[in-house]
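So that you can tell them apart, the chains are marked A, B and C in the order they are listed, and the count of residues begins at 1 in each.
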Amino acid sequence: MIAFVIKRLLQTAALLLVVSVLVFLGCEILPGDVAQVSLGQYATPDNVQALRIELGLDRPAYERYFDWLFGILQGDWGRSITTKTPVARMLSERLSNTALLAAVTTVVAVPLALILGLLMAVGAGRAWDRVASVVTLGLSATPEFLIATLGVLLFAVQLRWLPAVAYLSPGSDLAQTARALFLPAATLSIVVMAQIARMTRAIIGNLLTQPFIEMATLKGVPPRRVVGVHALINAVGPLANVVALNIAYLVSGVLVVETIFAYPGLARLMVDSVQARDLPVVQACAIIFCATYVLLIFLADVLAHIYDPRSNLEAADRKG
Amino acid sequence: MSTVAASRPEINVTLWISTTLLILCGFVAFFGPWILPQDPTDFVTDQPFAKAQAGVWLGSDYLGRDILSRLMNGARITLAMAFAATFLAHLIGDSLGLLAAIKGGWVDAFISRVADVILSLPKIIVGLVVVAALGPSVPVIVILAAVVYAAGVFRIARALGNDIVAMDFIKVAKSRGEGTGWVLFGEILPHVVRPLAADFAIRMSFAMLFMSSLSFLGLGVQPPLADWGGLVRENLGGLSAGSLAAVYPALAIAVTSIALNLLVDALGEQKVDQKGTR
Amino acid sequence: MTHPVLSIRNLVVEPRYGGSPIVNGVSLSVDRGEVLALIGASGSGKTTLALTALGHLRPGLSIKQGSVSLDGTELLKAEPRTLRSLRGRIVAYIAQSAAAAFNPRMRLDHQVSESSRVHRTRSHQEALQVAHRLYRELDLPNPEHIGNRFPHQVSGGQLQRFMIAMGLQESPLLLVCDEPTSALDVTTQVEVLRALKQGIQDNQTAALFVSHDLAVVAQVATKIAVLRSGNLVEFGSTQQILEAPREPYTRELVQARKEFTVQRSGRPVPVTTIAPLLKVENITAGYGSVINGRPAITTLQKVDLSIRKGEVTGVIGESGSGKSTLARVIAGLHPAAQGRILFSGETLAPSVEQRSLADRRRIQLVFQMADTALNQKHTVSRIIGRVLKFFHNMPADARAARITELLQMVQLPPHYATRRPTELSGGEKQRVNLARALAANPEVLICDEITSALDNIVAKSIIELVETLRDQLGLAVIFISHDLATVASLAKDVTVLRNGCIVESGSTEAVLSNPQNPYTKLLVSSVPELRPGWLEDAVAARDELQQSLNSGEQAYDASQPRRLEQAR
């Protein structure tokens, strides 16, 4: 098992390296380099060239790549073209906002979804399970911006309980933060909840059809214990896997949500930077998102493997 | 021992609703240009975000153009792009996946590694970077979506293929000395057509959501062309005034996506894939 | 007067949404200390009937009428709480597959003693003590500590005994055993049967014993009930059913089982002088990287075999013996690491891709599970027709005629050509399997456990078919099976495999009537005989053999299998 974790860890590290190369290359092929964009359309070719040499852009790509990579590892994330400030400083505040949004969503959505999925699985086939199944299916297929726009219409325009745009600054107190967070977090939570609930229902529903569950019933084990002990100890692994994967999904989800609500997070920063062609910022954001995603997938894999009955079965086969 | 049906066969309400909706969408997409109530680029009202009125059944957008017409026009673009991307994704993913299942060995290992790398990246971030680099145009976005989803299709086709390849009748065929062609088309394909078709439908909904999200972020289809995602983006400003102009296209996307998912679910083919996410 | 432990009256169980009844008006009863066996083929409704003794119905079934009374309590109308209190305590269930019935993530002690905890009859400590006592009685090694393991950490036979312990934990009045030994090797089956019989006798439990094997049932049951398609065909004491069956179906069953015997007369067999058609020489095969000619995981070691035209050669082995690998090596699906295969004196290429069309045609492999050996999406005529087209380039009309011929050869009516495998029964599918092999006009037919998934009666007909084909077509047949009785009835020569090595080989008469090797002796004595008292003899012989086998192991070098030439 340790061997597996180490192997996957090494694979993940290699993957992150590949990702960094891809991100770097991706930004390399952007039309117009940093120097050109920085000085604008009316700069003379000489000035642009001078800036290029000053920024070290005349060196070959792989040299610049390693510079960039080591810079990142040491905390130097470059300088933004548009704001001229160090990227690291811009990132830190935005990053914490996005992390806050993700954290709130996770804390709210995950427990509720698990419970909902469990109830659906236990009540499989009954009317309310069928309704809930259709509803969760529908919600997981709905774009976040529909839920978001409806949310804004309802809470901001009609009821005027919440702001349509999320004002959040370092000095905001709890109440302000809560008001700013509510709609974005709710939007994300709804989609994530639908997805996790569906998977939970599938996993637990599948477990409940296993022969050892019938055997427990035939021993006179009460239903609460059958589900709560027999089924759940087998479900923990796959469920942990699903939760980790859904948290990874949040990486994409935040992009739309932050844009609609003008939430001052990392995703919105990235979108703005892409439009402004602010390469260093785009690179930095991309690396953070990709790395987070990769690490979460890695976590999900490890959790799934610890609980994978197949690894137990292999051991059983060898025993004969 | 014959199996006994464990659940009551339902009157499939969801099946009928979803099929109707999808036929409606397809109809609109196909015949769109001939049945538009207004020209989608005409300014039909003086005020932007006007309320619903005769001839302008859903009101007007941020420039005073008829939303319904723009919506119907957008249907074409959205659905065509989604279909094209999914078609390409399946073309690549199915052939490579089934091939990997039949051949095994290093062919399988190599393609699987590539697919793993693609799958381990968050799609929309990849989309942002690629679009930033190559510029937002319809071909770029369609090919981007195709490549990104081809990896998922590959995994599914490979898993399905492996299930079938494990069966004895494949060994029987191989022991005769049958070639890859027969094994793929004669023996395996009949078993995988249905699940792959179901995946096609669902993946089309994913592709549609993905591409309209990109348009929504301003990185997808560019004006004057407008797909549904772009329509949402254009009309966001009207939300605070209480205009539903941004909601209609979002609703259109949702309805189509949900209908596709419900259809597949109702046909009993819904395989909740390992991630459960898009 | 004490009432019977279990009383079933006029029970009718049918599918919820239409279809013929699974249990059709069955009445029977079990008294204290009695063991009632439910005998029937698959689909006879015996499992469904047995489960009603616990008040349990599988999903999709419903009770139309009748009553099931357990120790005076009517089960079919009982409250869920009543049922729960009875299950595991008054009545206990022993499932067929222990591997499926145990929770893979809970320790065995925990699961075995769970009924005590759930019914609050004993303290945790006491419950464990009871469990450990049962382990000792059931002959499990290291009884104080083995329960600490997880299900996948013990062997199949041991796991089945844990199941029995779990059933006996609360000393129930009634033990429902659902094919408890069907999934085990014959040698393991003897141990478990003995343990089960002991457990039942020691605890004075009544038992309902479900099985398809009359011989197994004859060892433990006091009464037998014969079921067919949900109907009770006959009911009587074991002695009466076995010696004087009244109903024709019962007689057929008893007769079929009697014939499935391993006992041989030991008459000398004439020497064969014809040269072998297929010769397997010194084959070593397995999985993983090959070092010094031996694969990392070796499933076959230095195996030799000779197959002659017009004869059936049997290969016997339990699970893990390498017999299926042998079939695949000969067919070219699994290249050997060492050794060669000669066909009519010419060496065959090790892998099927390298063999000529003629070589591929001449050797045909027939698989065990006809479900997976036939492509469900193809019609019978496509399945067989493809072979005709591939090997003989037959045009369409000639194919149709030949398919009819082949179907007749395997005793299937011609209109079956348009059917799909899902519309065929197990025996019919196996016949199509054979027809497909025959379509190639092979000279060698390798039958890999082709009757193992079939009932006795159906299996018998398939074997007769193979014999007919051997005689009519002069085929050389390699018949691989774990079932000695089947091989004994069919094969002229037999080879016994164990852990990839040949243990003994020679003419069937000689090997089975007078086995030389202790393992062969063990195998032969483990095959259930229809006479009561066989079990006790088998256990005694087995203990004796086990000892000599274990002590002899040191004398055996695994790389040099002993092989004895038969005296004539």
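Going forward, a residue touches a chain if its C-beta (ideal position, glycine included) is under 8 Å from a C-beta of that chain, and two chains touch if they have at least 3 such contacts.
Predicted model only: the values in this text are computed from it and were never measured.
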> So that we know how the chains sit together, what is the shape of their touch graph: line, ring, star, complete or other?
Replying inline: complete
> What are the two chains with the most C-beta pairs touching?
Replying inline: A-B
>> Just the number, please: Cα centre separation of chain A and chain B in whole Å.
In response: 21
> Using the average of all C-alpha atoms in each chain as its centre, how far is it in Å between chain A and chain C?
Replying inline: 51
> Roughly how far is chain B from chain C, going centre to centre by Cα mean, in whole Å?
Replying inline: 49
> Which residues belonging to chain B are in contact with no fewer than two other chains?
Replying inline: 7-8
>> Touching at least two other chains at once: which residues of chain C meet that condition?
In response: none
> Hey, what residues on chain A touch two or more of the other chains?
Replying inline: none
>> With touch defined as at the start, can you tell me which chain A residues reach chain C in the complex?
In response: 210-212, 214-222, 225, 230, 233-234, 309, 312-313, 315-316, 319-320
> If you look only at chain C, which of its residues touch chain A in the complex?
Replying inline: 54, 56, 83-89, 92-93, 95, 97, 100-106, 114-115, 118-119, 150-156, 166, 320
> So in the complex, which bits of chain B are touching chain C?
Replying inline: 1-2, 4-9, 167-169, 171-172, 174-178, 186-187, 190-191
> Which residues of chain B touch chain A in the complex?
Replying inline: 7-8, 14, 117, 120-125, 128-135, 205, 209, 212-213, 216-219, 229, 232, 236, 239-242, 244, 246-247, 250-251, 253-254, 257-258, 260-262, 265, 270, 272, 274-278
> Can you list the residues on chain C that touch chain B in the complex?
Replying inline: 15-17, 19, 22, 42-43, 58-61, 331-333, 352-353, 355, 357, 360, 365, 367, 369, 372-378, 386-387, 390-391, 436, 440
